[in-house]
Every structure is written in C-alpha cells, then in structure tokens.
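Shared between the two complexes below is chain A, which has chain B as its partner in the first and chain C in the second.
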Partner chain A sequence: MTTTISNLIPPIMIAQAAFALMIVFTLGGAFLAVIPKNIVHNILGLCLAMFGITGVYLYLGSQFVAMMQLLIYVGAICMTFIFAILLSPPLEKEPPKRNKTKVITAAIVSGVVFLVMVNMVMSLKFEPLTDITRDWSIKTLGQLLMTRYFLVFEVISLLLAIAIIGSIMIASFVRKRN
Partner chain B sequence: MDCLTTYLILGALLFCIGIFGILQHNSLIGMLIAAELVLNGAAVNFMAFNMFLSKDPATGQIFTLFIMGVAAAEAAVGLSIIITVYRNFKTINADAVSELKG
Partner chain C sequence: MNMTQLPIIKDVYGFLGPDLMACVTGLLLILMFVPLNSAFLVWVERKVAGHIQLRPGPMEVGPHGILQSLIDAVKLMCKEMITPDLADKYLFWIAPCTVVIPAIVCFVVIPFSPIMQVRELNVGILLIFAFSSISGLSILMGGWASNNKYSLIGAVRAVAQSIAYEIPLLLSTMSVIIMSNSLKMSEIVAAQSPVWNFVWQPVAAIIFIICTTAETNRAPFDLVEAESELVSGFHTEYTGMRDALFFMAEYTAMFIGSSMAVVLFFGGWYGPFFSGIFWFVLKAYLLVFVTVWIRWTFPRLRFDQLMNFAWKVLIPISLLNLLVTAIVIKVL
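Moving on to the complex of A and B:
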C-alpha cells in the first residue's frame, strides 16, 4: 500500500488550512497596504491582498472570477500603480510625518464602522436556499452577459474606453504655473 | 469555510481597513490603494451572497466583474490625475494640494 499525503492528512483539513492561509494573505496584505509609510510596500501589500482574495473566490466556487481577479488586479492595476509611482515623486525623499490625531481618528471611525457591520451581520438570519442550481460555467456567464446584462456590459465597455482616453488627456495636459 | 458569516466578516474587515487607509494616508496614491480595498470588500460580499443565497448563481459573478471594470477605470483616471498633480505642485501630499484656483 502506498502512502500518499491524503492518507496521512484528510483532504478536508488541507482545504481548511489553505482557506486559513488565504484569509491570512488577504488580511495581512490589506494591513500592509495601509500601514507602512513607504508607498512601494503599500503596493506590494495590495498585490498580496488581491492574491488572497483570488483564493477566497476559488472557495466561493468561481474559477473564472478568480482568474479575472488575478489578471486585472495583480497583473494590471498593481503594475499601473507601480508605473505611477515611478513617474511621480522621488522615493528617496523622506516621507512626511504622520499626523497622530489623524491616525487615531481614522482608527476610531473605521473601528466603529466595523463593529456596526459585524453587529448587523450577526443579527441577521439568512435562510439558505434549498433549490440552488450550481451552474458556474463560463458559458452561462457569457450568455447572460450577451442577453440579460447586455446594456450594462456595453456601458462598462464605453466607460473603460472613455476612462482610457480621458486619462491620456489628463496626463498629457501640461499647464504653466507662474 | 462554508458559512456565509465568515465571508461577510472578511468583506467588512477589508472595507474598514480601506476606510482607515483613506482617512489616515498622506499621499494620494495611498488613498487610491485603500479605495481598491474598499471595492474588493464589496466584491467579496457579492460573491458570498451569490454562493449561498442566490437563486441564479451567475448574477453575483457578473456584478463582481463589473466592479473590476469600474475599479480599473477608476485606477487609470485617478493615477493620471495624480501624475498631473505631481507635475503642477511637485508633491502628492494630500494636505499640500489645497489650492483650487488656476
């Protein structure tokens, strides 16, 4: 009898450990994205958080959205941020000191918002549906995008085109300051 | 792992960390990064409700895809504004850019 890893550890435990790892990636990355002063560390934290969210989406059953998350956020948005910091401020300059009262106020505000949200989530009872159809395929998504959500799809593509043209216009617009 | 509350709390945490980042960060790029976290908190909620409660399992995924599209557009426009601000003011500190006249 061969001993494989699934004989030693039950697969459900591996799945749970991987889920916990993804949660740790997400939250750790999110904290890294807001706490350090160096902006490059912030962006790398955002990459880590997006990678963790990709794993969470896999557990939520959608491979397609997970891959899109990885491609769009880690591949495109983080790279755009890195380009922007390469084009904007010199990094060797000392980052400005943080205002202590600002940080404390922000922590209090976000903490209160979080407590209210957790209270709300805990107080609601969600009835699980019994007759869920589990159709996660890309084919269904594509058909829905071309039929029921066609207008939204077109509006989003128009929005993206306008955003690209507009950002090129804004970035190339040089104003003389006197 | 297969309980709706876990995902909802994860989304709420992401949202609140994003709010914290927006409020306390000095530079404009840091604020934009935190805004991405806020959007992702909302997207995680969409996917979780889609998995556990929705009759039609494609709706939440499609909304998440739309959120990604809007986030990409927002990042592009925001970053180009930041580059222009840096060119004009030589700083991207949000407190220093307080002048609205031409």
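Moving on to the complex of A and C:
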C-alpha cells in the first residue's frame, strides 16, 4: 500500500469542508434573497440558496432528490420568477419605500416559524439507519406514490390543476378587459 | 474498471488514491476537451457554411484553415473586456462564468466507452438536465445585466423558448427511460446492444433532436440571437473572452446534446470493428454535423410559430408517444 493523499488529509475532513461550503452558499443566498433592494439580485440569491440545498442533499446521499431540487427549484421556479419580474416596471424608476410595519410583521412571522421548526428538529431523536440498502429505484418510488402516498399525490395534482385553471382565468380576463 | 487502471496515469497521479485519481484525471481531460471541442466546432461550422454557400470558408491558417479558430481564440484573449457604464457590474461579470458550469459538469456522466466515464451516477440523465437548466439562468443574467433592450429581449426569448421545449425533451426521454428502466447512462447504452432505441422510438428520437436544437438556440430556433432583429441577442454588449465563453458554452451544449441523443437513441459506444470511444465520438460529431447542416439550410421561424410548434405539436405528440410506449410495455 503506497502513501496516498487520503492518509494525510482524512476524507471526512474534506466532506465536512464541502458541507460547510454548502451551508455558506445556502445562508449567503438566503440573505441575498432578503436584503438587497434590487429584485433581480433577490431572485438570484434565492437560486444560490437552492443550489446550496442541492449540495446538502448530495451530502446526505440522496442524489435523486438533489437533482430534482436543482431541476425544479433552480431550473423552473426561479426561472419563472425572473421571467415574471422582467415584465414588471423598470428599475430606473424610484423604487417604493420599505414599509416598516410590513418588515416587522414579516420578521415576527419568520422568527416564529424558525423557532417552531428548530424546536421540532431538536425534539426529534435521530437514530442510525439499520436498513440502508433498500431498493430506491424508480419502480419502487412509483409504486409507493400510487399506494402509500396516494392521497398526497392526488392533493398535489389537484393543486396544480387549480393553478392551471387560475392562470387561464387571469389570462382570459385580462384579454377581455383590453 | 475505468481509465485509472492505465499504467501511465497510475504512475503520475498514484499519490491521490483511486477515487481522487479518477476525479482529477477526468476533470483535466474535460477541461482540455471543452475548449478544443469548441474551437473545432467553430471551424466545422465555418467550413460547412462555406461549402453550402459555394465558397471555401477559412483557407489561410494551416491546411484548409484548420488552425483558424486557435488564432481567433488568441485574438479574443488579447481583446479588451468592456463593461458598459450602466450595466450591473457584478451580474455582468458572473454570467459568463456560470454559463460554462453546465458545459463542464455534464461531461462527468457521459459514457464515451465502457471505461471512459469519469463518474457513474444513478441519476446521470437527471444530472445533465438539471445542470443544463443553469445555462438558461446565466443567459438571463447576462441579458438583464447588460442594461440593453436588445439583450433583454434576447434573454426573455431564450427563457420562454427553453421552458417550452424542455417539456417535450423530458417526455421523449421518459419514453426511453421506461423502456430501459434505468436513469444510469451506461445501463441505457447497454440495453441497446442488439437493437438501437432509434428503431423502437423513432418519434421520440426526432422530437429529442428538434428539442435539443431549440434548447441550444440553434437555427431554425435562433430567435434568441436573431441578427436581423436583435444585433446578436443577449451577448450584444459582451466583448473579448467573455463573449468567447458564451460561444464556448453554446458549442459545448451542442456536443452534449448530440452525445445525449447518441446515448439515448443511437446505441452509444456500440459498433463493429473499432473501439467504443471511436464509435461514440463519430456518432456524436455526425449529429453535430446534422445540426450545422440544418442551420445553413432552413430559415428562421417566427416567434409565434416557434411557441405554437412546441405547445400544439411537439407536446401532444410526445405525450401520446409516452402513453403508447407505456401501454405496449405493460401488455408485452
């Protein structure tokens, strides 16, 4: 056995460094999403945060969820946000002043949600998985969606159907008014 | 078994250990291949364009002008990088940097031959789709940060187009995935050893090629940089190496799209007599040639035609194709 670089720097350290980097991405992106006044910067900060979360999923060993996170949140949702914003009034105009009551209410709400979630995470007892070699192929996932999580699946599709109908309604009303 | 078993690589990079060795050699190969491939494709494009228009194309530098793009690259690197006064400085700088990320990351999972694959992932296909979506984001960033009407219109068109064409792209890929029952690139290729998927899925293959042409903003779907309307679209304000990075991303995306088509429909590395990598690269470049050929043959679409074609023609056909595939697989 020859000396390799992994004898000098333990792999777990590199993994932890990668995890820390992803946390920095997530938190930095989250702050960028809230603090700057330029709304395009906000959305790009949100993208960065989503990208960091992708890294966290990869660190936790769930490649499928990580790729879905990137594909859906960065590739689709942030993209449609930006698309909607580009069609809004130009930024050269005087931006509206920050409404203090709004900022305070938002801070209180998000603080309460944060505390509740921290409490929930802390109260959960994490146990090491005994059975890690389960079959997570697409077939299994599909069967689980169609049996055990059928209600959730149906409710989500109902939500999507409502969103589609809503957007069609909005589009047709705007057209009639013009 | 992968390429780290080769003795030369083992001698030079042995101190890194097997995993890191595969990672480092693979990344070095990718970083070498991406610029060289774009330089070659720029030359191919100019040559094909020339011959289609009955003129020779570049002829001066090297035999048949083969070194022309290297000279162009040197010229681009020497040029001043201009940032417009009213541009958003940070985003204007970040956009060309992020546009090359998918170009590099996607190569990690492409199986050039059974041993030439940097990293096998269970979700290889998804990785390529996920990272390709970042390039749309950087196009938007660049177009918006330039603070120029032409750039912004080009960027908005790019996004509308890529959202519309991503749906039939994914649907046609889905019909292959449910046939081979795997998201691993190498398993999808291995499932095609007797018969290529193109034979079973001709409709999906044609839809896939149309959609990759649209996703990479190539003619006849190049409204994003329609010269006669928008100067050159989202990269109007970019100069020097930054502009070259956008071009590099476009040509690399073309190659990645073609290799995806080879993996999904044209049997990957399978072929008689020669080794796998020869067949894979040959097939990929043939598909790239077809894309270039299409660009210099067909006129540009109008924007409403483009959107109607995606939503009213491609999506219903690919949905129907997926449905029929699923039913046939269930019945057989």
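Rule of thumb we're sticking to: the second predicted complex is superposed on the first by the 121 of 178 C-alpha atoms of A that agree within 3 Å, B and C clash if a C-alpha of one lies under 4 Å from a C-alpha of the other, contacts with A are read in each partner's own complex, and residues count from 1 in each chain.
Keep in mind that, in the parts below, contacts are C-beta pairs under 8 Å (C-beta built on N, C-alpha and C of every residue); 3 or more make two chains touch, one makes a residue touch a chain.
The shown structure was predicted, so the numbers you read here are calculated from the model rather than taken from an experiment.
J.: Just chain B (first), just chain C (second), both, or neither: which does A:Met68 touch?
T.: both
J.: Touch test for A:Lys139: chain B only (first), chain C only (second), both, or neither?
T.: A:Lys139 contacts chain C only, not chain B.
J.: Have a look and say if chain B or chain C is in touch with more residues of chain A.
T.: For chain A, the partner with the higher number of touched residues is B.
J.: Is A:Phe126 touching the first partner chain B, the second partner chain C, both, or neither of them?
T.: The answer is first: A:Phe126 touches chain B but not chain C.
J.: Report for A:Val40: first if it touches chain B alone, second if chain C alone, otherwise both or neither.
T.: second
J.: Could you look at A:Ile82 and tell me whether it touches chain B, chain C, both or neither (first, second, both, neither)?
T.: A:Ile82 sits against chain C, while chain B stays out of touch.
J.: Show me the chain A residues, by the header's touch rule, that chain B contacts in one structure and chain C contacts in the other.
T.: Residues common to the chain A contacts of chain C and of chain B are 64, 68, 76, 80, 83, listed in rising order.
J.: Which part of chain B faces chain A closely enough to touch in the complex?
T.: My answer: residues 1, 4-5, 7-10, 12-27, 29-30, 32-34, 36-37, 40, 43-44, 47-48, 50-59, 61-62, 64-66, 68-77, 79-84, 86-88, 91-93, 102.
J.: Could you list, by residue number, the parts of chain A that touch chain B in their complex?
T.: So the residues of chain A in touch with chain B come to 15-16, 19, 23, 26-27, 30-31, 33-34, 39, 42-43, 46, 49-50, 53, 56-57, 59-62, 64-65, 68-69, 72-73, 76-77, 80-81, 83-85, 87-89, 95-96, 98-99, 102-103, 105-107, 109-111, 113-114, 117-118, 121-122, 126, 128-129, 131-136, 140-141, 144-145, 149, 152, 156, 159-160, 162-164, 166-168, 170-171, 173-175, 177.
J.: For the complex, give me every residue of chain C touching chain A.
T.: 14-17, 20, 88, 91, 121-123, 126-127, 129-131, 133-134, 136-137, 140-141, 144, 152, 155-156, 159-160, 163, 166, 177, 181, 183
J.: Using the touch definition up top, name the residues of chain A that touch chain C in the complex.
T.: Residue positions touching the partner: 2-6, 38, 40-41, 44, 47, 63-64, 67-68, 70-71, 74-76, 78-80, 82-83, 86, 137-139.
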